[in-house]
Amino acid sequence: MIVDCGLYRDGKRSDETLSLGEAYDRAGGSDSFVWVGLHDPSPEEFDDVARQFHLHELAVEDAIKAHQRAKLEIYGDSLFVVLKPARYDDDAEEVALGDIMLFVGERFVVTVRHGELGPLGSVRERLENDPALLARGPIAVLYAVLDRVVDDYLPIATDLDRDVEQVEEDVFSADGGNPTERIYRLKRQVLEFHRATAGLIEPLDLLVRNRVPVGTGPLAEYLRDVQDHARRVDQQVDAHRDLLTSVLQANLAQVGIRQNEDARRISAWVAIAAVPTLVAGIYGMNFDQMPELDWPWGYPLALLLMAGICVGLYVGFRRNGWL
Amino acid sequence: MIVDCGLYRDGKRSDETLSLGEAYDRAGGSDSFVWVGLHDPSPEEFDDVARQFHLHELAVEDAIKAHQRAKLEIYGDSLFVVLKPARYDDDAEEVALGDIMLFVGERFVVTVRHGELGPLGSVRERLENDPALLARGPIAVLYAVLDRVVDDYLPIATDLDRDVEQVEEDVFSADGGNPTERIYRLKRQVLEFHRATAGLIEPLDLLVRNRVPVGTGPLAEYLRDVQDHARRVDQQVDAHRDLLTSVLQANLAQVGIRQNEDARRISAWVAIAAVPTLVAGIYGMNFDQMPELDWPWGYPLALLLMAGICVGLYVGFRRNGWL
Amino acid sequence: MIVDCGLYRDGKRSDETLSLGEAYDRAGGSDSFVWVGLHDPSPEEFDDVARQFHLHELAVEDAIKAHQRAKLEIYGDSLFVVLKPARYDDDAEEVALGDIMLFVGERFVVTVRHGELGPLGSVRERLENDPALLARGPIAVLYAVLDRVVDDYLPIATDLDRDVEQVEEDVFSADGGNPTERIYRLKRQVLEFHRATAGLIEPLDLLVRNRVPVGTGPLAEYLRDVQDHARRVDQQVDAHRDLLTSVLQANLAQVGIRQNEDARRISAWVAIAAVPTLVAGIYGMNFDQMPELDWPWGYPLALLLMAGICVGLYVGFRRNGWL
Amino acid sequence: MIVDCGLYRDGKRSDETLSLGEAYDRAGGSDSFVWVGLHDPSPEEFDDVARQFHLHELAVEDAIKAHQRAKLEIYGDSLFVVLKPARYDDDAEEVALGDIMLFVGERFVVTVRHGELGPLGSVRERLENDPALLARGPIAVLYAVLDRVVDDYLPIATDLDRDVEQVEEDVFSADGGNPTERIYRLKRQVLEFHRATAGLIEPLDLLVRNRVPVGTGPLAEYLRDVQDHARRVDQQVDAHRDLLTSVLQANLAQVGIRQNEDARRISAWVAIAAVPTLVAGIYGMNFDQMPELDWPWGYPLALLLMAGICVGLYVGFRRNGWL
Amino acid sequence: MIVDCGLYRDGKRSDETLSLGEAYDRAGGSDSFVWVGLHDPSPEEFDDVARQFHLHELAVEDAIKAHQRAKLEIYGDSLFVVLKPARYDDDAEEVALGDIMLFVGERFVVTVRHGELGPLGSVRERLENDPALLARGPIAVLYAVLDRVVDDYLPIATDLDRDVEQVEEDVFSADGGNPTERIYRLKRQVLEFHRATAGLIEPLDLLVRNRVPVGTGPLAEYLRDVQDHARRVDQQVDAHRDLLTSVLQANLAQVGIRQNEDARRISAWVAIAAVPTLVAGIYGMNFDQMPELDWPWGYPLALLLMAGICVGLYVGFRRNGWL
């Protein structure tokens, strides 16, 4: 679906509603460009766009299908960029990755979004409010999209941080339940998220060092700033991976220790039951001469003895920490 | 066995049935080439081919034996490429790797297949239906084979993905049985598959950067696309390795926790049996004066007491989760 | 908040109290520079400074927010450096990281501190007492700050060292309690500290090799010395990571072994109780002819037998190490 | 001990029996070279050789002592190569490494073997039967030795493969015994073998790229073939390491699971014994009125009850898999 | 403390006893140099030396303090080298690292030793007996010290090898005690030793490739030999790390298995006690008609039955390996 198609001249949007063909023809001068926005385009819808802007067949093929990896490819004198916008659903503890593709040429930019994720609408709005930036042409659109996608990574890293801390608490709290599955699921999410962030740094490097056919001009420093943010997120994600691996191991030790505590508690109770049983066994013996048996208070005394032993053992076990 | 031997001129197959020698002689012009297809060739069968196309002795030696590693080697002005086509048998959860070798010269291409795996037949069919591609000469054949082999990797990665998810479920489900062996076997398959995919990326790099004596010309971008797919598969396989390592560790914790649960369940039943035994012991004592023994309802009351204790303990253990 | 603003000429501080604008105008000659110190600046406070010294918008944005990663960025002919001063709270076993940012130009240096951590005050004092160093201009300030920040890392590495040793003792001592959580927390701190130290080595490399627009001149060797110290700390931190991973694994084995010791101790006591119970059971049998039952000393002898068995078992278990 | 000393001209061995000195003098022309073979040479024996061929003191020192690492060193215009031939003793599951050193000059080659391992004799035989190869001079000898040493690695990799599979079976079979030690020993052997194979690839690279003073000429492709084989072995060995690490972890889980199975089996038997004991205890109580006690068939019925309970529990435990 | 100060001309030591200043003045020609040896120098003692030889302030600072990392730094046209001589105390299983610093200039060499470790005395002796080597100037001293320090690493690697083997035996022997702590301590020592060896290879590379202001001349090959030895040690140390990690994991499995064996042994004894207790309980029942009770041999037969059951169970448990 073609969401929007605008002609920009000197950073300002032309008022006319233009068809694709008209827009492209008008964008001939050096100070104007066309920005076409697509959402889940069908191959047929894309065909028209691809023909107008001479997009490379292979890039088009990638752009139609979702679930690409983050990358930057140079086709002739245009760029094809794939980004993975991310969102963290904190309740389900799941990272969802989307797909944003950009074709960046000298006088046009085509943005494609798959699925619900992707801040393209608000990026266009922001840019239309910042003509100075937009006047720098298609590279400004690329920068603005990159900036937004990477900025949206930051709160996810923070959310993961908090979840890692919660998991740590679960592991080390006394009544922790079994956090193994949660740790594992979290690690899975961190790996998933890592795919989005790690894949970005290399493409950004090409942009920062201006190794692309579309000149980055004065935006190079801004792109470096985006890369710096991506690096920061990536660093945090790496730390999360490391921590979750350690927490999984610590959890193993905690499981062992809790197992031991349970075994000792059980044994303490067994001991508390075994000793009175022995006493009962003794007074159940059939010897002819067992003086206690004849005492009038023998029976209550025996019960008292048993109760006393139980209480004594219980107190002892409390003291050495087994109960 | 020589499966097929065709002379192609301007992307179209010559109708004549030609012997090896004839085909090679006719392929003299710049717009024609010979494509010989072999299957499990015996050294004798290969001899003839090798002599006709001046294939290098060492490459021939490799081509006769299966179980090579994926590689690309330059011999004079021809290429020798080994690919590892893969198939996943989802029931046995086993990755099977085959061997496809290609000799690519200026005016010929020799394809060799070992074992059952390998889509060479359908690749030839596809190419014969695409004269424009085939007209680009032997490099087009190399591209088409690479494209197919790598495209066949994608569903395997997806299958492994699903198996990893199943294994995760097994680990974290209550009645999970023992998924240890399955996890391990899966990891083995992932490592096996990794051998096929990882070994491809480096050779593809040589092709993409056109560091080979056989010019890739306008196909360079198509080869980069194949490499991109190989990278995507490789990335997924890496993630699988990582996940399976973590799942093996999580499984260890789960085993420990299930062990503990069993130990507690056992202990609960022991306790339920031990307390009535103690009561029986008490009323088995031989004291002269044990008033309960003389009560007419003493015995049924004792039985009731025992039953009551059992029920009470059972209910208590249900409540604290031990049963 | 602007903490201090001084004009330095030939390494000596000018006596006059100058406003930002005056200071900058006076610093025109080649032997003088302005040093502005800020603490937790608000965007408004920073605005003025940024305008006076033509600081780059993106660097300013970073400088206002804390929690940056250590880095060195070149903007035109000035440098933007972020450092992470650290402090170790030995009681809480927590590493706290701060933020120090420096803008280093030809004729000015702006230092920014976030939070409480950061030795900027004492660095200025030290420099004002060393006019020879200060006469080398803004790069001398950068060196002095780097030197101090890195020097402050050394005692932290030593503190972590000691804590790692304590944790080792806990793991291998008989009454060790459960050091799992402490090991994990320590590993977390080491990873945190690693972020500060590892991030420094690369930026320092740019300085040492003089790949920056602000000439390091004869200070290059001093900067290499700082880098050497950073490397030493980094090496120690790496060793800590490695050791803590091993200690976590060793702890797991210790947990298992302690579990086994407890299980054996418990079983020994169970055996000590079980055998007299059996003896009591035997003499509780109702056979007509059980000669011991008629012996006058039968009962005391039976009790003695039981006690003897208990003592014998106890001694035996002490000997084989189960008790 | 000097095993053999031959003068080769145009790939054919001269018939004369020559002393070292004579051989060297005769090898003056461009088509002849001397090949001296030594076995466990004493320093004195080596002295003579070293003097004749002007071997470098340091290389000689290395050549006299066994247990070097695989390497290739350039001394002036001659090469010093150390290889580690390997043999796998399948019964002891032990990899034995030997030492072969080669000094390769323009007109001579000196081969040294330490210990029993090393196929130098049969290599000389093969070469003397292949004058075309031998005519290429000393580099042909180096190639032939490399080829043989690396070819001998292949069956070892296969043997290790089979042992890894056996170990896997042990781990996952029900009556597996304790394969921990075998896994560990195997890993040790794999690491040992890795030392031989991994150390070869880098030296071979120097040869393949012809970065050595002794021209490899048309043998470069053959040397690349040797390197390819070494890489294949190395890849397999890497896979073994990875698998053995995983198998060690899987073994841990299996140990835990077997532990649990034993614990449940034990508990089942305890339960089967505990319930009849309780029944016996009940009928051992001394209540005045226990009607069952007076029944004539009371005792056999009680025994039947106990047996019934035992059988019932046994059947139940079989069904839920505890027995 | 200045240990020694000698003037060497053409590899021979001058007989005169010279003060520092005199020595330096005399060492003007191209064939002579001064060698000053210091041990634990105080800053004051060092001052004099530093002034005479124009040593760089930062290098001096490092040289006064022990516990530096191994490194090579270039200051103007002189070198500053830090080495870590090592000694292994086999009883305490502890690696002790020392500090040797060298300042190497065109016409002087200053050697500094901290602590007891360091073979400087014997190196000087060796060199004074080898005038040919010593005539090559200060670089010969550097070579000789490096050679000795690295040669002293070799027996340590062998000692660690033996200790690793002992630890393996402990892990896999039946009565192994608990080798966890020893494994861990050994790993710590290996990491410590690794610091000494790994830090050397890079500085040696600078020397081997002659990237230093002090020409290595014909000693380059000798320095490469030292580097080869350092590499060999480093390779062994890496193997040790790998093995100890695996042994720690194997130990975990062994702990689990031994735990299980103990649990089964305990249970066997419990069973042996439980069955006679049941028999005693049966004959303790109070049924009116229990024919066995009236048999004259009833009691001895019951005892026999119990003993028989115990023996039978014991034999059975021996057979299935539980006892």
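Just a few scattered comments:
Going in written order, the chains are labelled A, B, C, D and E, and every chain counts its residues from 1.
To be clear about the criterion, contacts are C-beta pairs under 8 Å (C-beta built on N, C-alpha and C of every residue); 3 or more make two chains touch, one makes a residue touch a chain.
Predicted model only: the values in this text are computed from it and were never measured.
Any chain that touches chain A and also touches chain E is listed here: C. Fewest steps needed to get from chain C to chain D, stepping only to touching chains, is 2.
At the interface between chain A and chain C, under half of the residue numbers appear on both sides, which makes the contact a different-residue one.
Centre-to-centre separation of chain D and chain E, using mean CA positions: 26 Å.
Our note on geometry: chain B versus chain C, Cα centroid distance of 42 Å, whole angstroms. Touching of two or more other chains is recorded for residues 249, 252, 256, 259, 263, 270, 274, 277, 281, 284-286, 290 of chain A.
In terms of which chains touch, the assembly is arranged as a closed ring, every chain touching its two neighbours and no others. All the chains close into one ring, and from chain A toward chain C their sequence is A, C, E, D, B.
For chain E in complex with chain C, the residues that touch the partner chain are 56, 58, 61-62, 68-69, 71, 73, 75, 178, 180-181, 183-184, 187-188, 191, 195, 245, 248-249, 251-252, 255-256, 258-259, 262-263, 266, 269-270, 273-274, 276-277, 280-281, 283-286, 290, 292-296, 298-299, 302-303, 306. Residues 168, 171-172, 221-222, 224-225, 228, 231-232, 235, 239, 242-243, 246-247, 249-250, 252-254, 256-257, 259-260, 263-264, 267, 270-271, 274-275, 277-278, 281-282, 284-290 of chain D are the ones touching chain B in the complex.
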